[in-house]
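Heads up, there are several structures right after this.
What follows is subunit A paired twice: with subunit B in the first complex and subunit C in the second.
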Partner chain A sequence: MSDTKEKPATAEFPPPVKWVDDRLGIGKLGRKNLRKVFPDHWSFMLGEIALYSFIILILTGIFLTLWFKPSMAEVEYQGSYSLLKGLHMSEAYASTLDISFDIRGGLLMRQIHHWAAVLFIAAMMVHLLRIFFTGAFRKPRELNWVIGFGMLFLGIIEGFIGYGLPDDLLSGTGLRITQGMIQASPVVGTYMSFFIFGGEFPGDDFVSRFFTVHVLLIPGLILALVTVHLFLVVYHKHTQYPGPGRTNNNVVGYPLMPVYMAKAGGFFFVVFGITALMGALLQINPVWLYGPYNPAEVTAGSQPDWYMGWLEGSVRIMPGFESEFWGVTLSWNLLIPALIIPPAFVTLVALYPFIEGWITGDKREHHLLDRPRNVPTRTGIGAAFITFYGLLWIGGGNDLIATHFGVSLNSVTWFLRFAVFLGPVLAFWVTRRIAISLQRADNERLLHGLESGIIVRSPDGSYSEKHTPISNYEAYELTARDRLVPYEVGPETDDNGVRAPRRALNKLRARLSRFYYADAVQKPTAAEIEEAHSHGHDDDLHELTDSDNFHEITPDRH
Partner chain B sequence: MSEKNLPVKADDGDHGAVEVAEPIADPGLEPHEYRIQDIDPKAADRVERQVATMFTLAGLLSLGACVAYFAIPRDATLVFGPLSGNANNMTLGLTLGLALFLIGAGAIQWAKKLMVDTEVVEYRHDANSSPEQKADIIGGFQEGVAESGFTRRKLIRRSLLGAMGLLGLPAIVLLRDLGPLPGRALYNTIWAKGIRVVNDVTDRPIKPSDLIVGQLVNAAPANLAPLQEESAVEYQNAKAKAAVIVVRIKPSEIRTQAGRENWGVDGILCYSKICTHVGCPISLYEQTTHHVLCPCHQSTFDLADSAKVVFGPAARPLPQLPLAVDSEGYLVAQSGFTEPVGPSFWERG
Partner chain C sequence: MSEKRTSLSPARFLSARRRHRSAGLVVLLFGLLAVGSAYAAFAPGAAVADNSAQSQQIEEGKKLFAVGCSSCHGLNAEGGGNGEGDLAGPSLIGVGAAAVDFQVGTGRMPAMQPGAQIPRKTVAYTPEEIEALAAYVASLAPGPAVPATDSYDISKATDEQVTRGGELFRTNCTACHNFAGKGGALPNGRYAPSLMNVDPKHIYEAMLTGPQQMPVFSDQVLQPEDKRDIIAYLNALQEQKDPGGFGLGRLGPVSEGLWGWLVGIGLLVCVAVWIGAKGVKAKGAKAE
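Up next is the complex of A and B:
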């Protein structure tokens, strides 16, 4: 039927689209983006999960605001949860109970909201790791790394504040800890605490104040950052893994319309569906079991949401140092684990692209991703960061670990006090070694093909293993990476005998750069490949006695 | 396509890589392979039926969710081993969740199995502006600056910058009423001379004979409960500082600190319940060692030794409340706390 219609000479939009286009020129925008190409890889879905969880949080959050009462006025609970009937509690807690017991779908939405919050932050973190280990943060994408990091930071604060809204015993305990840290900050601590809480803790202001921050301020900021983040992804075009036909100058994949509209759109529903199923089946934050907040009570083994664990651990394993001098008190036991280490850690991560860029002196645009093994030092640094974070996180559950494994709490804590320093160094070193040996294995494969496991005896009596060459496509993929060399300091003086400026800084930079690149295994040159192939070609055999660097076959290795 | 995006030869500004001829030439995209659905219309129809089934089921499940909403009583429970819970919540969540999931799964299946899967190549462009664009914008900007006289008219420039800067002050000052100044609030609790120590659950005053050796009771000042009638906030704030623990320890096991000889009554000692770390109420008492543990970060205090810290991140002992017995034989405070309770703060000294 449509075959019979001729394509009109001047194509025109259907009327409603035309109406909009006449006013907004949406056609110009769509022309460029409708068929925009995105490369396909499972690891590119992580950011999507974060985005979708955020949308789910907004949708379920709006539902919750319809019944949640952000007030700390005292009421007597008369809802249908009989165990708390008649108890005095804040309106915030009472309305959370109402959402959980008296409003149909309320518990479901609360649980989806909380599961999506947990997923949101987990997805952002894993997404960040993907970006880190593949070097996707390099020029021109450094700013998008910083924006992404800002969203992670805001997301964690947002989740923590949300956790405080229901005003149950657990959330109140979390807030008390935060208040204690604020109060112990040097110089302005007590003032900050009194201004944030409207006076002494707990007071009756924080739920309504935090509510505004939770539903308006931070979501607004995150939304703005998401918009810029996605705009930049479109502007820079997505990175891709190197491979045949995939270069630094192109992007190979499927068009937005129709493939990604269906795939990404579908994936949103999948994520929403899974969080809804979790909300239906897996209980999370059953606030009715904790009771209303009471500043003189606490539940044993109380745990914050998982993403707060590392801060908790950092505070837990710190020894109790405090100094008093000149009539003031300085609480090192909070200053170091809460006000110095986390911000320092966070700043290092946020600024990593600039640090690496300075050290390597690399100012080119990068659109091809690194395989983690091909940048062993960066990969090692990533492993060190993960280890540091992981050990602090374990510290946040030191009591659970002690009771679970029947060891003393003191031993766990003392072990962690040392491990947070030694663990990252060890992790760095081991990971870097592993990356380097993987690089060797790649070169091995490239030069000599696959080990077939067949040992052949040649007429002159020597033994060698038969190798099958790899495909040209795979060989190209293995070599599609930069040949990295360290930054050079340059001569001490220039041609006119004038001392080069900022010599010391440059030397440090060169030393760091050597640390970055010196041990990395270079890919073979064309000549080396040629040599290796012709050498093995006469009979497709390899001498075992070959002392080539990339050639360490021993007879028992198969 | 722009040559500028290519890794350039390492020169002054571009360190990090050297360009040596690629060892293996780019063979170009691997040839596209057809899927069975591309060749066999029957297979394609099968996929279509699959996808349509998912969408249909999703529609039915949405209807099911509405039925569940109205038909399942709010207070019914469902028992499926570890997945038990409120029946209304579960049926609603299951139907909705599956409906959403099936829409998504169907769309993905459609995209993967039926939509054209030949890869498309798009070229990249430099992120930066072209020299002409740069020249244009710089020219425009300079013209604008010149026309405004912003650089020439120093008086306007400076007074404007000053005015903008000073605008920051009211923005900060306006926040002043967020809360009162700390004043002496953190130094005082509602404990005072002669206030009775009452059990914090029953509100009954405590006699020394009510406590056996080894026993620990959570307690409060007798003037706390009446506050609740007056003002819920005052009550909570007072409680957050005044909560105490009363413990009875065999006198021979107590190591009394100089100056505190008469702070106990027959081995009965009273300490602040608020952890000196960041203020959680401490809670776990171990009779044999007289240690009390804060559940938040596991600071451990020895109650027989002036509640000194024996482990954990807290830096100071729990403040001790001096006890006495009143004319009717009940435990009372000799005075308020002699130091601020709870977390440290800068001005504390």
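Up next is the complex of A and C:
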């Protein structure tokens, strides 16, 4: 199936290509890389959504920069939106209104830009979840995980700064909250706030500063990271799901040219099309409704864009603790939910590949993906992460949840205060148990085959169901994984009676490793499969001729 | 139940049916109806005949009040408990006609059940009855009167006034009612209701009287023309078609995020699944 046979490089290039090739030498490069094989699966296209959204962001962003005026200078609005006519506002806000109402296609571009931003970060997150649950971050791809995480982080900052640029009431309120969080950092808070805003909030500088960061610095960084990210994908080769013919040492799929060129190109246009449709049909960030920013005003439903929602929620559900030491007020109500928990959570997720690697002691390269059920503890941890994030996220919209579901705002908040601790634990436990049962079901299939639905009554009166064996392909798919063995702590002392160094750390590691692998169901050994098949009960249906193959396809990798 | 069931002449019909099982009941009903109508026609008319129209209205209002409101607000609108020491309805002495017109005119009163907040619902009284109730409550002690029609007449509002109303709205109202007047949450199950499709008179009265959780914006705080401009801005918001397409409820980024995830990412993942499935099958079938 894999199309790895290369055509001999006999064919002369057509003249224009030859002209370019003579000067740039792309022929050799292209021949190798255009034939690069990628595996095929829909979940491998999630990162592409992010990439394409990023391209759309750049294209529409360039359009917007042509008319957006990053200036806090005060002007009187005289554009065509009558409800704000004659109001004094910053040039940034006025030019955003002009883009929305007086520039042809401006509103569409603004809306596509904003929807693309929403999708960009959502797609990165979905992509991250796919990588997480399939274990694609394991050696050798840990650094690419960190790079991807860096892009997600930068994307969120980028999005938030973009949200702040129009200087409308909503974005100004968001910035005010951010400034409050900055100020809550002990000792340096006030200095940092003055440094960022060039004086008292909001000041005259932030729009022009944020603009440069938004259109130049962060997009440049993301672009550089995208390049490295993709280069590493090519260098490491793409991971693949276990399946017939797929091993840790090959890649089964189709060549970049023409199959993936066509697929990816087509997908780009689909992404662009859907984003454009959303931009054309669904109103997003109606800045004209919010009005110009004025520190004396605020609106109900002041929320950040969705990717900052969990931070907002974290602050919203935090009780209002404050304490004072020697004349210094420590605002725990901001310190904990904004400056301690989110960075800690983000760091934990960013470093997860290294943490898992250390716990499991796994130093091997992995190019075959895990099915989530086969690593129940990791899958459970992932579910716990999602639950934690999701609950904080809900907290960010607690007011709308209260009004739309007719419950008390306070009940939502109090529920979340407990759920944010209990929910992840519950999610971990439930998910892990589900994964383990799925593993058991897989083993059942391997050993006994499929339930045929045919009930047989034996002469002595007992009933049993006939099982049909599963195909070799499926058996391979189910068994193409490693046996999970907990890390061993080793003897307390060596031969000479000297205590092993870093004993406590190693013990902790072994304990964590046992926790990690404790209840995972090991795949059956070849002998067990053979045993099950040869001593299969009542089995005229079993064709045992296949059992030899199981020896081949379930080699123990240790 | 009678005439249309037969083509007989009325006299013959009645005589034919006089021994009918329910004949007695019908006669009784007719008798009651006749006495009742006669009483309604003569007795009350005689009682108020020489009073002024206003005191008649107050008297009517008092009766309506005794039937529909007094169980919570007390027989003389002095406020009442629920028998367990909690306040069932506050005293209405001094709240003025505007408060009654707002509460009853938006259907909030009579309340169905006590709760964190009494919701807007179908109006239970006719305009005349509401006027009577308002006149009665206003007669108890002075309070804000129902505003005159021209004080909330926004048909002549200029663009400048509407813009000014927007500024006032953002300064005084959006914190609870949201930037588009869509309402928002308040603590403990209370909420600021949506201001869309509300009668301008009722918005005016709400500002004047501060119903339920709302603070009072007296004429000294928001002058009558301020109130009118705010109403004009709200009306403009309501009339405005969302230029960007479907407005997603004008609720801000939360609904945008929801749509981005459910529609945007949802659709894109579906397409990814479709493309993924497409390639494998078509190509796989050929290769095998």
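In the analysis below, the second predicted complex is superposed on the first by the 511 of 558 C-alpha atoms of A that agree within 3 Å, B and C clash if a C-alpha of one lies under 4 Å from a C-alpha of the other, contacts with A are read in each partner's own complex, and residues count from 1 in each chain.
Just so we're on the same page, a residue touches a chain if its C-beta (ideal position, glycine included) is under 8 Å from a C-beta of that chain, and two chains touch if they have at least 3 such contacts.
Owing to the predicted nature of the structure, the values given are computational and were not obtained by experimental measurement.
> Is A:V298 in contact with subunit B, with subunit C, with both, or with neither (first, second, both, neither)?
both
> Look at A:L400 in the shared chain and tell me whether it touches subunit B only, subunit C only, both, or neither; answer first, second, both or neither.
second
> Name the contact category of A:L409: first (subunit B only), second (subunit C only), both, or neither.
Both partners, subunit B and subunit C.
> Have a look and say if subunit B or subunit C is in touch with more residues of subunit A.
On the superposition, B touches more of the residues of subunit A.
> A:L169 in the overlay: touching subunit B, subunit C, both, or neither? Say first, second, both or neither.
second
> After the superposition on A, what does A:S80 contact: first (subunit B), second (subunit C), both or neither?
first
> After the superposition on A, what does A:M45 contact: first (subunit B), second (subunit C), both or neither?
second
> Tell me which partner A:I336 touches in the superposition: subunit B (first), subunit C (second), both or neither.
neither
> Would you sort A:Y290 into first (subunit B), second (subunit C), both or neither based on which partner it touches?
Touch status of A:Y290: second partner only.
> First (subunit B), second (subunit C), both or neither: which does A:L256 touch?
neither
> If you lay the two complexes on top of each other, which residues of subunit A touch subunit B in one and subunit C in the other?
101, 107, 111, 254, 259, 263, 266-267, 270-271, 274-275, 278, 280-283, 294, 296-302, 398-399, 409-410
> Quick check on the complex: what are the subunit C residues that touch subunit A?
Residues of subunit C touching subunit A: 116, 159-160, 162-163, 166-167, 170-171, 174-180, 182-189, 191-192, 233, 236-237, 240, 242-248, 250-261, 263-265, 267-269, 271-277, 279-280, 283-284, 287-288.
> So in the complex, the part of subunit B that touches subunit A is made up of which residues?
Those in contact with subunit A are residues 1-2, 4-8, 10, 13-30, 69, 74-75, 83, 85-86, 88-90, 92-94, 96-108, 110-112, 115-117, 119-124, 126-127, 175, 178-182, 185-186, 200, 218, 220, 228, 232-233, 236-237, 239-241, 243, 273, 277-281, 283-284, 295-299, 309, 311-316, 342-349.
> Considering the complex alone, what residue numbers of subunit A touch subunit C?
For subunit A paired with subunit C, touching residues are 1, 40-46, 48-49, 82-87, 100-101, 107, 111, 114-115, 118-119, 122-123, 126, 169-170, 254, 259, 263, 266-267, 270-271, 274-275, 278, 280-286, 288-291, 294, 296-306, 309, 396-400, 402-403, 407-411.
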